[in-house]
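Following: one structure in C-alpha cells, then a few remarks.
Lettered A, B and C in written order, each chain numbered from 1.
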Amino acid sequence: MSGAIRDPRLRWAAVFAAAVVLIALPFAVDAVLGRAWVRIIDVALLFILLGLGLNIVVGYAGLLDLGYIAFFAVGAYSYALLASPQFGLHGSFVVVLPLAALVAAAFGVLLGAPTLKLRGDYLAIVTLGFGEIIRICLNNLNRPVNITNGPQGITLIDPLAIGDIALNKTYTIAGFTVAPVHSYYFVFLACAAASIFISLRLEDSRIGRAWIAIREDELAAGSMGINTRNVKLLAFAMGATFGGLAGGLFASFQGFVSPESFTLLDSIMVLCMVVLGGMGNVGGVVLGAALLTALPEALRYAGPLQKQWLGDVYIDPSDLRMLLFGLALVLMMLFRPAGLWPSTLRRREFAGGEDAHAAQ
Amino acid sequence: MDIFLQQLVNGLVLGSIYALVALGYTMVYGILGLINFAHGDICMIGALTALTVAQALAAMGLPPPLVLALAALAAVLVCVALGVSIERVAYRPLRRAPRLAPLITAIGVSVLLQYSAALVWGKQYLSMPEVVKPSAIVWGGVQLTDLQAFIFLLACALMGALLWFIQSSRMGRAMRATEQNPDVAGLMGVNVNHVIAFTFLLGSAVGAIAGMMVVLYYGVGHYFMGFMLGLKAFTAAVLGGIGNVAGAMLGGLLLGVVESLAAGYIGDLTGGVLGSNYRDVFAFLVLIGVLVFRPSGIMGQHTGDRA
Amino acid sequence: MVRAPVIGLGLALALILPGCGKEAPPPPQKQVATPQPPEAVTVKIGSASPLTGPQAHIGIDIRNGVQLAIEDANAANIEIGGRKVKFELVAEDDEANPTKATTVAQKLVDAKVSAVVGHFNSGASIPASKIYSDAGVPQISPSSTNPKYTLQGFKTTFRVVAHDDQQGPTLGRYAAGAVKAKRVAVIDDSTAYGQGIADAFEATVKAAGAKVLAREHTTDKDTDFKAILTKIKGLKPDLIMFGGIDPQAGPMVKQMAQLGIKAKFMGGDGIQTPNFIKLGGDAAEGVMASIPGLPKDQMPGGKAFLDKYKAKFNAEVELYAPMGYDAVMVFIDAMKRAGSTEPAKFLPELGKTRYQGVIGPIAFDDKGDLVNGPITIYVVKSGKWDPLETVTPGGAPSAEAKK
C-alpha cells in the first residue's frame, strides 16, 4: 500500500486529506443520511477491530477459529462487570478497557494452550466448542451465585468518561453538535487506526513472518528455529486482545450486554468478513468488515422493493442476507479463494494449490 | 435404579440417532479428510422433507406403514440428490486446495442449506403428524414406546448393514482403498470420483433416515435443527475415532448415554452448583477432551499428521 | 494522479461541513414554527418490532395494531391544543437483535417521532430505551416482560403488558391455590423470559407452602427433554411448570406422556398458542397457561377490535396487536390532556394515564409498569384454549372473570 506513492510530499497530502475526510465523515453522514447511519458506521468500525483480530489468527497464522466471538464476549462482560451497578463497581475506562483486553488475551492463551497440537479442521471444531461453552456459561452464571445476571444481561453499563465528560452526553463544540454517536465514532476510529497500524507493522515483523511461516508449513517453520508453541500462543493472545478491546468498547457504547449478542452466527459473520475481504491482508479485512456491515442495511430496502416489483415479499431480507453470505463463502472459495482484496502471498498460495497440498 | 435404567434407555435411543448421523461425517472424513459441516443440515432437509410428505399423505388417508415408507423414500431421494450435487459442485473443485478452503466452503454450504430451508418451510416449528400412535412398553420400572424401540432397532440394523457393506462389497473395498491412498487406488483401477460421490450418496441416505427418525421421535422439525444434531454427531464421530465406521456407532451410543446421565445426575453430584443447563457444555467438553488428549478416538488408528 | 480527486473531495467536504453542523439544531424550531392554527399538524408515531426473521409474525402483528390505531385516530379528526392533528406511522424492523435495535431507535429519533411503540423482545427494548431516554421520546413496549426494562430509571419508559414478576406469581398462586399443587418441579429454557417467569413462580409456590422438588433447565433450541423429565419423574411431582415457549413445551408434554408422567403441566403466555396444541397433540390436553390481559373476546373493546383487525389485515390477531393499539391510544390520550404533541409536554401526563383500552383499564406505576394488569389462566380442552379464570395480581379476581 505504502509503496504506491513515492513522492513524500504527495504522501503527506494524501494522509492529510484522508484525515480530513475521516474527521468530517460522521458530520457529513449525519447531515445527509441521518444519525442512524453514523451509528452503523460506528458498528462497522467495531467489526473492523474484530476482523483485524481474527485476521491475526486466521489470516497470518492460518489457525481457523470458529469461536472468535467468545473473546468479544469476554471483553464485553469484563467491562460490563467492572463498570456497572451489577457489582456496584464503576472503574474508569482507562483501567477497565485495558483490563478487558487483557482478560480476553488470557482466555486466548487458555484456548490456545491445549490446542497447540491441533491443526486445520480439528482446531476449527475445538474453537467452535469453546465459543459455545463461553456463551452457555455467560448465560448460566446467574446461579447459584449471580455473576453475569444470566440471560437478562447487564444494564446501565457506564459510558466512556473522564471526570464529568462522558461520551453518552451531547456537547456543542465550536458550533458542532457532538452527539454520543459522534464521540464514539472518534474513539472507535482511533482504535481501528491503531489496530490497522499494529497489524501492518506485525505483518512485516519477525513475529509476523514467523506466523506466516507456520501457516505455510509448521514442521519446516519449527525446524528453522521458530518456537512454534510460543508464536502460536502469541497469535491467539493478540487476536483475543483485539476482540476483547472491541468487546469493552461495545459494552460501553451499547450500555447493555446479554449473551444473545455472542452467538455462533456472529463468529461466522466475522469470519465471513475476513474471508471475503482477503485473509491476511489488512485492507481486505477492512473492506470486508465495512461491506458486510453495510450490506444488511442496504438489504432492508429489498423487502419494499420486492413488494413493489413482485407484489409480495418472497424472501425475507434477513434470510436473503444469510443466503448471500452462504453463497458468497462458497463462490469465493471456488473462484477467488484469496478474497476480494488478497494479500500477494496468499494469492500465490491459493493459486499454487497443488504444491501446497503436496506439502501437507 | 429404575430411574438409572430409564436414563440409560433414553441415552441409547438418542445415541442411536447420533450414531446414524455420525456415520455420514466419519465416512466423508475417512475418504476426503474433510469435515462436512453441511451434513447436519442435509439431515435437517431429510427430516423436513419426510415431515411434509407425511403430512400430505396422512391427510389423504393412506395406511400408516405406506405413509412412513413413502416419506422415508422421498427424504432419501432428496438428500442423496443434494449430497451428491454438493460434492460435485462445491467440494470436488477444491479437492487439491489448501485445507482451509473446503472447510470454509462447507460452512458456506451449511448456512446456504439452513436459510434455503427457512425459505421453503418457514422458520416456525413444524409438527410431524402422529402417523402411528405410539403405545407404551412397560418393562420393569422402565417405560418406553414401541416407536423408541423401532428407532433403536432400525438404527442398529442400518449400521450393521453398512458395516457389512463396507467390509464385504466390491464398492466397500474400493472405498477403503481410496481412504488409504486415493492416488494409488486410482492407479489400481478404482474410479476415485465415483467412490467419493458414492460415499456422499451413502452418507446422505443414512442421514435422511436419521433426520426422519428425529421428527418421528420428537414430533417437531425446524430449519435450525441440523446444527446441534450435526455438532453432537460430529462429537460422536470424534469420540469413536473419526474415519472409523464402527467407532462412530460406538461413539454415538456412548455420547447419548453420557449426555442423559449428565443431565440427570450432574445437579445432585455437584450439590446444585452445576445443573442440566450445562448439558451442552458437557458434549463440547467431551469433544475438546478427546481431540486434545486422544485425537484418534476410542477405536481410531493412529492418524499421524492428519489432525 | 488518481489521488487528486480524493483530496478535492475531502476539501469540498471540509468546506461544506461547518455549514451542515450548524444547521443540525434548528429543525425542532421549524417544527414549532410551522403550525398555523387552521392547518393540520403531522405527528409521527414510531413502531419498532421484528418485521423479518423468526419472530416476524408477532412483530408484524404489533405493527398492524399500531397502524390500526393511527387510522382510527385520523378518522376521528382529533384536535390537540386547538389544532387538527394528523398521525403518521413510521415502522422500523429491529430483527429482534439488540445491536440492530439501537440503530433502529436512532433512526426513529432521527425521523423526529413524537412517541414509539416498541420493541417486541426485552433484549431489544432495553438497549433501545437508553436512546429514547436520551432523546426524550416516550416509549411504550407492548410486549417486553423483562422486569429490568423499567428498572433503569428512565422517565420515558413504559409498558402495557404485565411483566414476568407479575405473571409468575399469579401463576404460582393459581398452582398452589386452585390446582392444590404440593410437589412442584420447575423447568426453564435459559432465556430471560423463561427464567424470569420460572423464578417468580418458584418463589411464590414456595411461599405458599408447596415443595419445589427440582429446578431444571433446557434451551430454547432443544427438543430432547427425556433426561430431565426422567429425573423429575423419579421425584413424583404433581405439577410441572415450564418457563418457556411452545416449540419446547409441545415436545415436552409429548415426552411426559411417553415416560408415563401423570403430573399436571402449566406455563406462561409463551405456550398459550395454537401451535402448542398442534405440537403437543393429545398430550396437550389439560395443560394450563396464563396470559397477560383479558381473553381477547372478553376485552372491553375486544370483539370490535378483533373484527376490525380481521377486516383490515385479513388475518387473526396473533398476540400483541391489542397492546400495540392501546399504546398509541394512550399516547394520544396523554397528548390531549397536555394540549400538546411535544414529547416534553405530554410525557408528564403519560404517567398519570387512566385509560380504558381494548385490553382493559390502563394505568402506570411510578416505574412505568402497568398497574394491576389482569392475567387470564387458560386450559386446553378438546384441542382448544379455554379461559378458566381471570385474576388481577395482588387483588381479587376481576369482575369480568365471573361472567
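Just so we're on the same page, a residue touches a chain if its C-beta (ideal position, glycine included) is under 8 Å from a C-beta of that chain, and two chains touch if they have at least 3 such contacts.
Source: prediction; values computed, not measured.
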| item | value |
| --- | --- |
| Shared chain contacts [chain B and chain C, defined touch] | A |
| Most distant chain from chain B by Cα centroid | C |
| Intercentroid distance (Cα basis), chain C paired with chain B, Å | 39 |
| Separation of mean Cα positions, chain C and chain A [Å, integer] | 33 |
| Touching two or more other chains - residue numbers and ranges from chain A | 139-140, 316, 319 |
| For chain B, residues contacting two or more additional chains | 275, 277, 280 |
| Residue list for chain C, restricted to those that touch at least two other chains | 53, 56, 190, 217 |
| Chain C residues touching chain A - in the complex, by the definition given at the top | 3, 6-7, 9-11, 13-14, 16-18, 20-25, 51-53, 56, 93, 95, 98-99, 102-104, 106-107, 109-111, 122-123, 126-127, 130, 134, 146, 148, 151-153, 190-192, 194-196, 217 |
| Footprint of chain A on chain B - complex, ascending | 33-35, 90, 93-94, 96-105, 107-116, 118-119, 227, 231, 234, 238, 272-273, 275, 277-278, 280-281, 284-285, 287-288, 291-292, 295, 305, 307 |
| Footprint of chain C on chain B - complex, ascending | 2-3, 6-7, 10-11, 14, 123-125, 127, 130, 134, 136, 138, 143-145, 148, 214, 218-220, 222, 224-225, 228, 259-265, 267, 275-277, 279-280 |
| Chain A - residues contacting chain B, complex | 58, 62, 64, 66, 114-115, 117-122, 124-126, 128-130, 132-133, 136-137, 139-140, 143-144, 264, 268, 271, 275, 279, 315-316, 319, 322-323, 325-330, 332-334, 337, 349-350, 353-354, 356-357, 360 |
| Chain A - residues contacting chain C, complex | 5, 10, 13-14, 17-18, 20-21, 24-25, 27-28, 30-32, 34-36, 39-40, 43, 139-140, 142, 150-153, 155-156, 168, 170, 175-177, 180-181, 254-256, 258, 260-261, 297, 300, 303, 316-319 |
